[in-house]
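Per-chain numbering from 1; labels A, B, C, D, E and F assigned in written order.
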Amino acid sequence: MTRLTHLDETGAAQMVDVSDKPVTHRTAIAEGAVRMEAETLRLIMRGMTAKGDVIATARIAGIMAAKKTHELVPLCHPIMLAKVAIDIEADEDLPGLVVRATTKVADRTGVEMEALTAVSVACLTIYDMAKAVDRGMTIGPIRLVEKQGGRSGHWKAEP
Amino acid sequence: MTRLTHLDETGAAQMVDVSDKPVTHRTAIAEGAVRMEAETLRLIMRGMTAKGDVIATARIAGIMAAKKTHELVPLCHPIMLAKVAIDIEADEDLPGLVVRATTKVADRTGVEMEALTAVSVACLTIYDMAKAVDRGMTIGPIRLVEKQGGRSGHWKAEP
Amino acid sequence: MTRLTHLDETGAAQMVDVSDKPVTHRTAIAEGAVRMEAETLRLIMRGMTAKGDVIATARIAGIMAAKKTHELVPLCHPIMLAKVAIDIEADEDLPGLVVRATTKVADRTGVEMEALTAVSVACLTIYDMAKAVDRGMTIGPIRLVEKQGGRSGHWKAEP
Amino acid sequence: MTRLTHLDETGAAQMVDVSDKPVTHRTAIAEGAVRMEAETLRLIMRGMTAKGDVIATARIAGIMAAKKTHELVPLCHPIMLAKVAIDIEADEDLPGLVVRATTKVADRTGVEMEALTAVSVACLTIYDMAKAVDRGMTIGPIRLVEKQGGRSGHWKAEP
Amino acid sequence: MTRLTHLDETGAAQMVDVSDKPVTHRTAIAEGAVRMEAETLRLIMRGMTAKGDVIATARIAGIMAAKKTHELVPLCHPIMLAKVAIDIEADEDLPGLVVRATTKVADRTGVEMEALTAVSVACLTIYDMAKAVDRGMTIGPIRLVEKQGGRSGHWKAEP
Amino acid sequence: MTRLTHLDETGAAQMVDVSDKPVTHRTAIAEGAVRMEAETLRLIMRGMTAKGDVIATARIAGIMAAKKTHELVPLCHPIMLAKVAIDIEADEDLPGLVVRATTKVADRTGVEMEALTAVSVACLTIYDMAKAVDRGMTIGPIRLVEKQGGRSGHWKAEP
């Protein structure tokens, strides 16, 4: 039967051994959203037109958070992130902002958690910067969209 | 018209001045969920019965992340967190785990971001520990449930 | 004769006791510059017109660094920063960018180091983002411009 | 025409992809100074003779900061620093202290930012430890002196 | 019967609520040792005579670690450390180095963990700097020596 | 005569150059203990039976601290930790808890400091969680038990 790989045979948490895994190129894409009042989205986008700082701040926060993933998620391995790119777009139908992070590495372990962490912190930053006008915003769903490289190969979320 | 408080009159990001705000007791409660396959939930909960480590690890990760909020969210003020408690429960109807964080402080600024950050990182940790068996899990919605203290007084999310 | 306050009578480094100092409002302003080729400045400013990201990124980096001051400068006390604002302007005569940081706190110790750290890291970020086109940029002079509050009162740099 | 490599085609900040770059040996040397009153320099140097702590503390602060570069400068990649050495010397003509940092790595990306960050934080530490006797000290100019390895090869600052 | 205060009634870890505790002056003193070969101690002390760097580096490491206590020990509250002093002395009878840390704060919670963390990391640093000549060194015993302030008042370890 | 490798010829601290060392598999095992009253051990172990949180929290704290070793110990190199496992067992004869950490890496430098740091912080966490009922606990001896890989080959502590 399947066993959770982060638990050893007695159930204790461990950081699993990856030292014998080959160094391969790995990529991950994660996505999330912040849902808000239509008026909040307008305020943010107008800010973006003028100086772009909500979007720019959330993007930087997400990039910096990706580099902190192993400090936040206890059993994640430190990795030498080779690329982080974050794309944030307005979706008037939500209404809200859609955040998408792409991460790459040439390492022994994957970069899904880095992409998911980048999205989560970018969303938290958007919430923080707009919370004075809209406390009822919700974050999510945050999910892995795609993953390449490593033993498990290419994986794509169902649409 | 309403303006986003983190942007100054030219649109540039700033960490707003709270030095003249009074020190008051403030509390926040945030909530989120990780949706997963029913079988994944069963694996985690069985682990919990034996040694509890998925739940325990996520709880610790959330508590430690709450203390890092101002390092992650660029315009958050450092605060002297007085309490962080995290409650994680299985919900077989989702199916998945529901994470709830309560934060308290006696300070010049609120603790909503700390509660939301704790929930986000606890969810990321659950994802990380179960991802080998279920890559399609989704995180969210994460939202503020309740908030007390400070100028804006008592706020409660609609049910 | 004057003695360096961070050294005890035997010359060993210490983090000096501030527990008996009163909590007062304190402000500091620090300033610095990155000197560069005129063409580099034009490239950065054109970026700013389009999306503003060099300036926005440096500003966020400076704000986040201010909060890390006590982790970087060994004998600095942790403080509850109440405000950080960073202003970055083009100066075609240098040619280059002038960075100015204002910090505030209501605490037992001053905020000069936070302002100076914010300026330093904002300058490093500008260097990083433009170094591919201009490796010869220089950072500085970085200096304290003004300081208010605390036992030493109001101090202003000579012009 | 030249474009800033940290901005994508729409001007948004990104951490550029280095996963296909070869792992090569890279070295960087950066330099900076803290200018101060002659009397301040004498106080520091006398301390150095007795126990050496201003110089020793600044050196340690610089080494530790080099390891934090990617946490401070938003678009820097994490790297496996192989060496950091910091040399601090008195210059009675300035008068002040001259700080020089040498960094090495066998990685996919350069170590200039690590050397510049080490120098910046060593200078901030010197300022912090002497500020009670000399608030008018200035930091800089900080600049890259030399750089080896990687695609851009050997680069040396003009004297 | 006595209950561990960090566990709630169901046994889950929590960061206990200190928001209603009064702000009082609190002090702690902790002590530890690194036992080593007599020859190792001689090498370190000779270094200290010349430039003092093993001792100076361990002292700075301990001070900086005290400020990181709440990032290391999961259920520790962040506090505004008002003082950290570290004293390191050679003991030829051990033979080895004895490390003693004094911490102070005016806050709602104690500073024992900060003093113990400072001692632990200073000892680890000594081990690191001398391990090439003596891998068999041992660290400890590390213990709280004295504690003042807060509800539990004055406590002193038995000699 | 033997010289401490972290000091250069003038006695100044440096982070030694490892860029020319080969990447090899390296393992380290470190061990330590927290001595306490028999009644304290019973309280902790009963907690462990119910929800296991003292042990689980200390284990997570130790794993996360191992990843922070180079931020704590000034002259340690950042490394890509491939595995951290922590085992904590009750010893009624001490009485107390025995902590053992195993670390692995495929890198240019060893993992002893990571194992020793993991043990130290796991011990500090146990102390923190039980200190309200037993302030007289002592930590140590902490020591390296075994080490494999790298130029110095296989090393084992005397029993």
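By definition in this document, contacts are C-beta pairs under 8 Å (C-beta built on N, C-alpha and C of every residue); 3 or more make two chains touch, one makes a residue touch a chain.
These numbers come from a predicted model, not from an experiment.
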Any chain that touches chain F and chain D: A, E
Shared interface partners, meaning chains that touch chain D and chain E: C, F
Homomeric contact chain A-chain C: same or different residue positions, threshold half: same
Repeated interface matching B-C, over half of the contact pairs identical, chosen among D-E, A-C or D-F: D-F
Distance between the centres, which are taken as Cα means, of chain D and chain A, whole angstrom: 31
Euclidean distance of C-alpha centroids - chain E vs chain F, Å: 16
Rounded Å distance between chain C and chain F, as computed from the means of their C-alpha atoms: 37
Residues of chain C engaged with two or more neighbouring chains: 12-13, 51-53, 56-57, 60-61, 64, 68, 71, 74-75, 78-80
Topology of the chain contact graph, where touching chains are joined (line, ring, star, complete, other): other
Full enumeration of touching chain pairs: A-B, A-C, A-D, A-F, B-C, B-E, B-F, C-D, C-E, D-E, D-F, E-F
Touch list for chain D against partner chain F, complex: 25, 56, 59-60, 63-64, 66-68, 78-87, 104-106
Complex contacts: residues of chain C adjacent to chain A: 51-53, 56-57, 60-61, 64
List of chain F residues in touch with chain E within their complex: 2-7, 10-13, 32, 35, 43-44, 47, 50-54, 56-57, 60-61, 64-65, 68, 71-76, 112-113, 116-117, 120-121, 123-125, 127-133, 135-144, 147, 155, 157-158
Sites on chain D touched by chain A in the complex: 8, 12-19, 70-71, 74-75, 77-80, 107-108
